[in-house]
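Note that chain A is present in both complexes that follow, paired respectively with chain B and with chain C.
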Partner chain A sequence: MINGYRIGEGMLAWLFHRISGVAIWLFVVLHVFDIYLAGSNPGLYNDLLSFYASPFGRVLETTLGAGLLYHALNGARIIVMDFWPVMTRYSRIMWYICWVVFVAAGIPVAWVILKPIWGA
Partner chain B sequence: MQIDLRILRFDPERDKKPHWESYVVEADPKMDRILDLLHRVKWEQDGTLTFRRSCAHGVCGSDAMLINGRNRLACKVRLEQLGRKITIAPLPGLPVVKDLVVDMEGFFSKLRSVQPFLVNESVVPARERRQSAADRALIDDTTKCILCASCTSSCPSFWAKPEYVGPAAIVNAHRFIFDTRDEAADERLEILADKDGVWRCRTIFNCTDACPRGIKITQAILEVSQAIQERQV
Partner chain C sequence: MSRYSRVGRPKPQGGGLELAIWYMMRLTGLALFVLALSHFLIVHLVVDPSEQNAGWIQQVRWSNMFWRAFDWSLLMMVLFHAFMGVRTVVVDYTRGGARSALLMALYLTGIVLFVIGTMVVMTMPVVPKA
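For the complex of A and B:
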């Protein structure tokens, strides 16, 4: 419930889009910072890279990948509706298609990022 | 069947903030609508309960309210669609006057801002201004609006930014922008190209889902956005 209103697919799609958008922006800020460290403080930069390679860092990286993938897929869905308003009739179906692609593309990518945790 | 009804009550002369009150009402789920329950509460249990209603048949749009977390018309929802536990609150995002009555002035002033009437300065014909069936089809959907405010008050963009003109005003602008007899489309598009116009739509679809007339509101909003870009208003 938001403002007493029941959350449907459309509101959920928008909420995930907004949350993933803010998360991606935060990552970009972090990325600018770590690249800055490469020149100004190489020791700290190496420590940060070690953290990225740690199990917790890899989980965060997977979450970032999920956010990027969802934002891209739902963004494409919104673009389709912007250019062809008649496609709004299929907004729910397109959202479910987004999730199918999300799972199909996301699981292999997550596996590649996470497999060093298990030594695979 | 007994219905557990919770209603968000607010009396500006007595209460500092809204509060929930519960009622148990006997009802026939196959025959009764939410409006029948509200009548039963008002006539048999608590005469101070305040709500708007007029035609009671889904035409006037005066009894829109938040029913079980969704904006609907109280006169159009049958109890069998909802179950035994029902919550009713005023339309979200609009100032509450009393109980389920909201102040619609802001809503109507936004509607007026888009000139929701035919503008045609050409010589008045002897008979009606004729229109082909194909031209009429362009505005078939958006002529159905009954101004109940279910769409605008269900919109998270409107909750966050009450200056947003809102789905209902855009739907009514659409009805005249795409009317081939009208001559003020560019003026309306200019109004809606404002930062608080169509661009605040986030394609959330609450408006489309809430509309009791089944108007494809998000599609209409995006058609207006396209018209703004194509005509470079």
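For the complex of A and C:
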């Protein structure tokens, strides 16, 4: 509850979709430029890649992966409702299913990306 | 805001370009579900970033046509999806001259990324493994 308004799942689903979408867009802009560097200035590209492999870089990568996974799952949910409007009735339960898949698929991937930080 | 709360952007009525973009967002979205997620898994999970550098791209990652075509398809899908998505955000929060200027900058950035991304994936030489 904020100021007496109930923050519904649908609103949060929309908000997270928009935030993750803009964040992924920012990364795509960076990423196309950095791949261009791999062709024209390999030294600079290699420096950037060693940042990706650093502990802070790995945390950022995990965040990117989380945004990507949420956006993909919630996007699939949107497509289902756009093309089968009857499914709009289950919009909330489908959002919870998205989160179950998010956690089930995301935790193992995050573990593999992050584990070099503590040397596991 | 409520019109967004359950589903995505409402389907534009009356056909034309806006409706085509609405369908394309969903089509490219489906393609990206496969292309973007598998790309992420390959370069962050299957091959750890600490094992990658510019040489790895030339000698391994882009050493055959399949992966170049894969990554170029990903580039085309993501450029459409991401730039049309941000276009919706810009249209939601701006108007007048600011909107025109931001949209122009957005489209220009998209075209630049299309050109340099296509150039690098198509022209980077394959270097045989030492």
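As a working rule, the second predicted complex is superposed on the first by the 114 of 120 C-alpha atoms of A that agree within 3 Å, B and C clash if a C-alpha of one lies under 4 Å from a C-alpha of the other, contacts with A are read in each partner's own complex, and residues count from 1 in each chain.
Just so we're on the same page, a residue touches a chain if its C-beta (ideal position, glycine included) is under 8 Å from a C-beta of that chain, and two chains touch if they have at least 3 such contacts.
On a predicted model such as this, the values are computed, not experimentally measured, just so you know.
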| item | value |
| --- | --- |
| Contacts of A:Gly39 with chain B and chain C, given as first, second, both or neither | second |
| Chain A residues touched - chain C or chain B, whichever exceeds | C |
| Which of chain B and chain C A:Ile78 touches, first, second, both or neither | both |
| Contacts of A:Gly10 with chain B and chain C, given as first, second, both or neither | both |
| Chain B versus chain C as contact partner of A:Phe56, first or second or both or neither | neither |
| Partner chain in contact with A:Trp111 - chain B first, chain C second, else both or neither | neither |
| Touching partner for A:Ser91 - first (chain B), second (chain C), both, neither | both |
| Chain B/chain C common contact set on chain A | 8, 10-11, 13-14, 78, 81-82, 88, 91 |
| Chain A to chain C touching residues, read off their complex | 8, 10-11, 13-14, 17-18, 21-22, 24-25, 28-29, 32-33, 35-36, 38-40, 42, 45-46, 49-50, 52-53, 57-58, 61, 64-65, 68-69, 72, 75-76, 78-79, 81-83, 88, 91, 109, 112-113, 116 |
| Residues on chain B engaged by chain A in the complex (per definition of touch) | 66, 68-71, 89, 92-93, 154, 156, 159, 202-206, 208-209, 216, 218-220, 222-223, 225-226 |
| Complex contacts: residues of chain A adjacent to chain B | 1-6, 8-11, 13-14, 78, 81-82, 85-86, 88-89, 91 |
| Contact set on chain C toward chain A in their complex | 1, 4-8, 11, 26, 29-30, 32-33, 36-37, 40-41, 44-45, 48-50, 52-55, 57, 75, 78-79, 82-83, 85-86, 89, 109, 113, 116-117, 119-121, 123-124 |
